[in-house]
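Have a look at the structure that comes next, please.
Just so it is clear, A, B, C and D label the chains in written order, and each chain counts residues from 1 on its own.
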Amino acid sequence: MTTDALSDSPLKIGSHTLTSRLLVGTGRYDTMEQMRDSLDASGTECVTVAVRRERLYDRTGQNILDFIDSDRYILLPNTAGCYTTADAVRAAKLGREILRTLGNPGSDWVKLEVLGDSKTLLPDPVETVAACEQLAADGFSVLCYTSDCPVTAQRLKKVGAAAVMPAGSPIGSGAGILNPANLQIILEYLKEDDEDYPVIIDAGVGTASDVSVAMELGADGVLLNTAIAHAREPVRMAHAMRMAVDAGRHAALAGRIPKRLYGTASSPQEGVIS
Amino acid sequence: MTTDALSDSPLKIGSHTLTSRLLVGTGRYDTMEQMRDSLDASGTECVTVAVRRERLYDRTGQNILDFIDSDRYILLPNTAGCYTTADAVRAAKLGREILRTLGNPGSDWVKLEVLGDSKTLLPDPVETVAACEQLAADGFSVLCYTSDCPVTAQRLKKVGAAAVMPAGSPIGSGAGILNPANLQIILEYLKEDDEDYPVIIDAGVGTASDVSVAMELGADGVLLNTAIAHAREPVRMAHAMRMAVDAGRHAALAGRIPKRLYGTASSPQEGVIS
Amino acid sequence: MTTDALSDSPLKIGSHTLTSRLLVGTGRYDTMEQMRDSLDASGTECVTVAVRRERLYDRTGQNILDFIDSDRYILLPNTAGCYTTADAVRAAKLGREILRTLGNPGSDWVKLEVLGDSKTLLPDPVETVAACEQLAADGFSVLCYTSDCPVTAQRLKKVGAAAVMPAGSPIGSGAGILNPANLQIILEYLKEDDEDYPVIIDAGVGTASDVSVAMELGADGVLLNTAIAHAREPVRMAHAMRMAVDAGRHAALAGRIPKRLYGTASSPQEGVIS
Amino acid sequence: MTTDALSDSPLKIGSHTLTSRLLVGTGRYDTMEQMRDSLDASGTECVTVAVRRERLYDRTGQNILDFIDSDRYILLPNTAGCYTTADAVRAAKLGREILRTLGNPGSDWVKLEVLGDSKTLLPDPVETVAACEQLAADGFSVLCYTSDCPVTAQRLKKVGAAAVMPAGSPIGSGAGILNPANLQIILEYLKEDDEDYPVIIDAGVGTASDVSVAMELGADGVLLNTAIAHAREPVRMAHAMRMAVDAGRHAALAGRIPKRLYGTASSPQEGVIS
């Protein structure tokens, strides 16, 4: 019975099926070994990498791909560091080529980021919509990073995004979910005609409860990086995030009690002491 | 290495040692079977029961203790439904007698609740302090339910409470942690000269993220009941709470990143597309 | 001295100078008389009107402009109800023509709204940027309604908006300022090279404290409508909003004390009772 | 009509009637002159003073009472700096004697503070209840400073407090209203059988919007000190607070619109562009 109660469907995005609803980045770790152990502790099946030739190598000349077991993890190439439609489209195509060469199944999808400026790293809605449309037309499964603007989210779905990934707050800010109301509207909009359409909260997570909050709102998954990589103990935080995505997912499915100004007794109150 | 990274010390309260930091109530379930399965899914080792003779039986005549495996769970008798010092002290002593008769190890401790009124079920600080002092003097390990008032919390420790258990919000409200600042002050006060002094958030939890937030603040554990018992799927919510207490605990130990207005790139930004 | 202490500069937008920093809408009132009295109580000098021929008349055939004293109030025509760049540009030009015919000084500016959908009335960033650019090129002073997205706000300033007007929350929601962090970033962005560049919070205000919060963040003004028009007592709420904009403005200028977990005594603590 | 719409009843506490609902402290100003000008700008009619002989004089030997026009302001003596029932009762009686000698009408009331510790300056519920009971029995109109604990607030009313004054947050913290839910319950409790029973938010205010929020919750007034005295421009902040209490009061009386996830159009949406 317990088994039934806890059944869950996997997350499907494009041609990929994920059991873990936590997607993690690979940047900002002190060492490749720390990254590898953190990925392991996170329970993720999908890691995102800035797939450009020069970025696959760290300063000591090690290739990041040597530390990511391709039998265990699906690579999700991303367009980090792109500020225009043209740049993002080019980065996506180069990533696809490199992964095809490697025979990696991640070559058919991309995490699209088109940033508005280098200081806040907030996404640019106009360029993002244009790039998403081009990449979708070119056959990519586009997982599209965006702000929490519901109208932009809706446009991205309309131009062909395989998944919409609104930010909880700015990349690396650790501020968590700043505007749950906007995320609620996005979920309402995008799932209106297809409740399985994937919405993944990407960016801004600071700690475990932020992940649970995102999942409790009804998100299908969470993508994060800095919150693990820059924690004092990355491996332990990766474990915490793994637990948090599971906690939030099942809390959402379980149907929480309503919030009230005050409640009612949890132990029977009518008894007389014997 | 992963094993080391995730090591944790158990929670010690009086003579009892708990590995799970989730304590759960036994009231408000539809059936005894549902309660039993939820306790199982929660991973708890400590369940609190209103130990009065007439309360041990439900309307169909079943004894709640028949559904709580005493080899697996430590019983924590409570004084639910008491509104005066005298009533609470009497209930605690009767509970002790009953558990002694049963040879149950829970006979040496008590969860003390002295409520201010039957509508909001908020604790009465004056009566609570008086009852705590009497019970501690009588040899009880008192786990003392209280409001989030830091001065009352400090008084309770001073009169001998084995653990202080501030409410996140009113019992059964599902409102979560309404005043994290007060809990921070309580933790600062009570752990000043003894970082292991147990502070457990008791009451008000609505969903998994509330539990994580409590643990991330530095609480040693969480006690809850309605959030599981009245969820649409209690067993699934019990599982979510189990994950959440673990997520929050490890997030607290892992050392989260600071919150900022905006952050910095998680992927290296300096690269040029090859 | 008091007079000096409370000095303030007026708000300049395009060719217009406003002493009151509260801008109000004219829709949704029960009667024209109620609207007129509410405008009076609000202390505003600038009222926004959907200037289309058919909208200037209510169901009883009264013309809204007969209830707005043009010697006292500057009219700010708006493009409410437009969903595309083309529609918004056309509405703006028609408004300009009508006001020119009337000899009204409001003919040189426009409040631009281009909405994403009719259910949430959220602004469409792509269409809004395009319309703003066209109208600014056509000589309009464009006061541009937008979401709280900092990148879009920056784009709007770049394409020539005379003022950027981010929403606190969806039109008519009464939800207040949902994401103060985004507004802080917008203010930082847009005032970086010109601290007088006008940023006005438009939409979402529910009650007086929302207005004060907006001004305390550093906004130059607030535009609202439903919060007054649909209050139980619109005239009284208009007065409250007038006070609130003043309270928030002076609080911002006065330099508030920092927030702390706990503070320090406000009365001297060292005294001994005599 | 405007006049009628904005009518308000005065605030009655014991034998005193106040038109301004802002009560202010007199501590922590740089100079007596700054204090005097700030009191003037705040519009208050009631100022609270730690009436002990040695405290009435500042380091330059000036008497604070020479800077408070007793024809304009009602003095409210307070027991600041007391940590026990006995101390607080003694301070109240000494204050009464001094004010009687001066023929000051403030001699029949007292602001009671009994603090729990000198670091956080949080009130001690047990000592406060005891002191309030003694002073009320001795004929004082007791305005009683307390935490936001609803049960303590109820007890204070029961033992005879003329007004209950819950803290929004710790004295001098500037943290504002940390737990609006508790204040709502206090207001519900204390006004159940007498809607005019005065509840005044005392302590924690940081800026103007905090005052408005307190009044919008239904408080009858706000007492503050540090937020004005330690602002960069105290006189300007005093003005802001005067506006804020008025804004919040009228917003509460005006009946705000409900909060919604998204609202409805404020301009008519059905129109066709003519």
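Assume a contact is a pair of C-beta atoms (placed from the backbone, for glycine too) under 8 Å apart; a residue touches a chain by one contact, two chains touch by 3 or more.
Computed from a predicted structure; not experimentally measured.
The chains in contact with subunit B as well as with subunit C are A, D.
More C-beta pairs in contact connect the chains of A-B than those of the other pair, out of A-B and A-C.
Each chain gets a centre from the mean of its Cα atoms; the one farthest from the centre of subunit C is B.
Between subunit A and subunit B, the centres computed from C-alpha atoms are 32 Å apart.
Look at where the CA atoms of subunit A average out and do the same for subunit C: the two points lie 36 Å apart.
The multi-chain contact residues of subunit C, meaning those touching 2 or more other chains, are 120, 122, 170, 175, 181, 185, 261-262. Chain contact topology: the protein chains form a complete graph, every chain touching every other one. Those residues of subunit C that touch subunit D in the complex are listed here as 1-2, 5-6, 25, 27-28, 37, 40-41, 50, 52-55, 78, 80-81, 87, 90-91, 94, 118-122, 170-176, 206-209, 211-213, 216, 225-227, 229-237, 239-244, 246-251, 253-269, 271-274. Residues 181, 184-185, 261-262 of subunit C are the ones touching subunit B in the complex.
Within the complex, the subunit D residues that touch subunit B are 116-117, 120, 122-126, 129, 147, 149-152, 154-155, 169-170, 175, 178-179, 181-182, 185.
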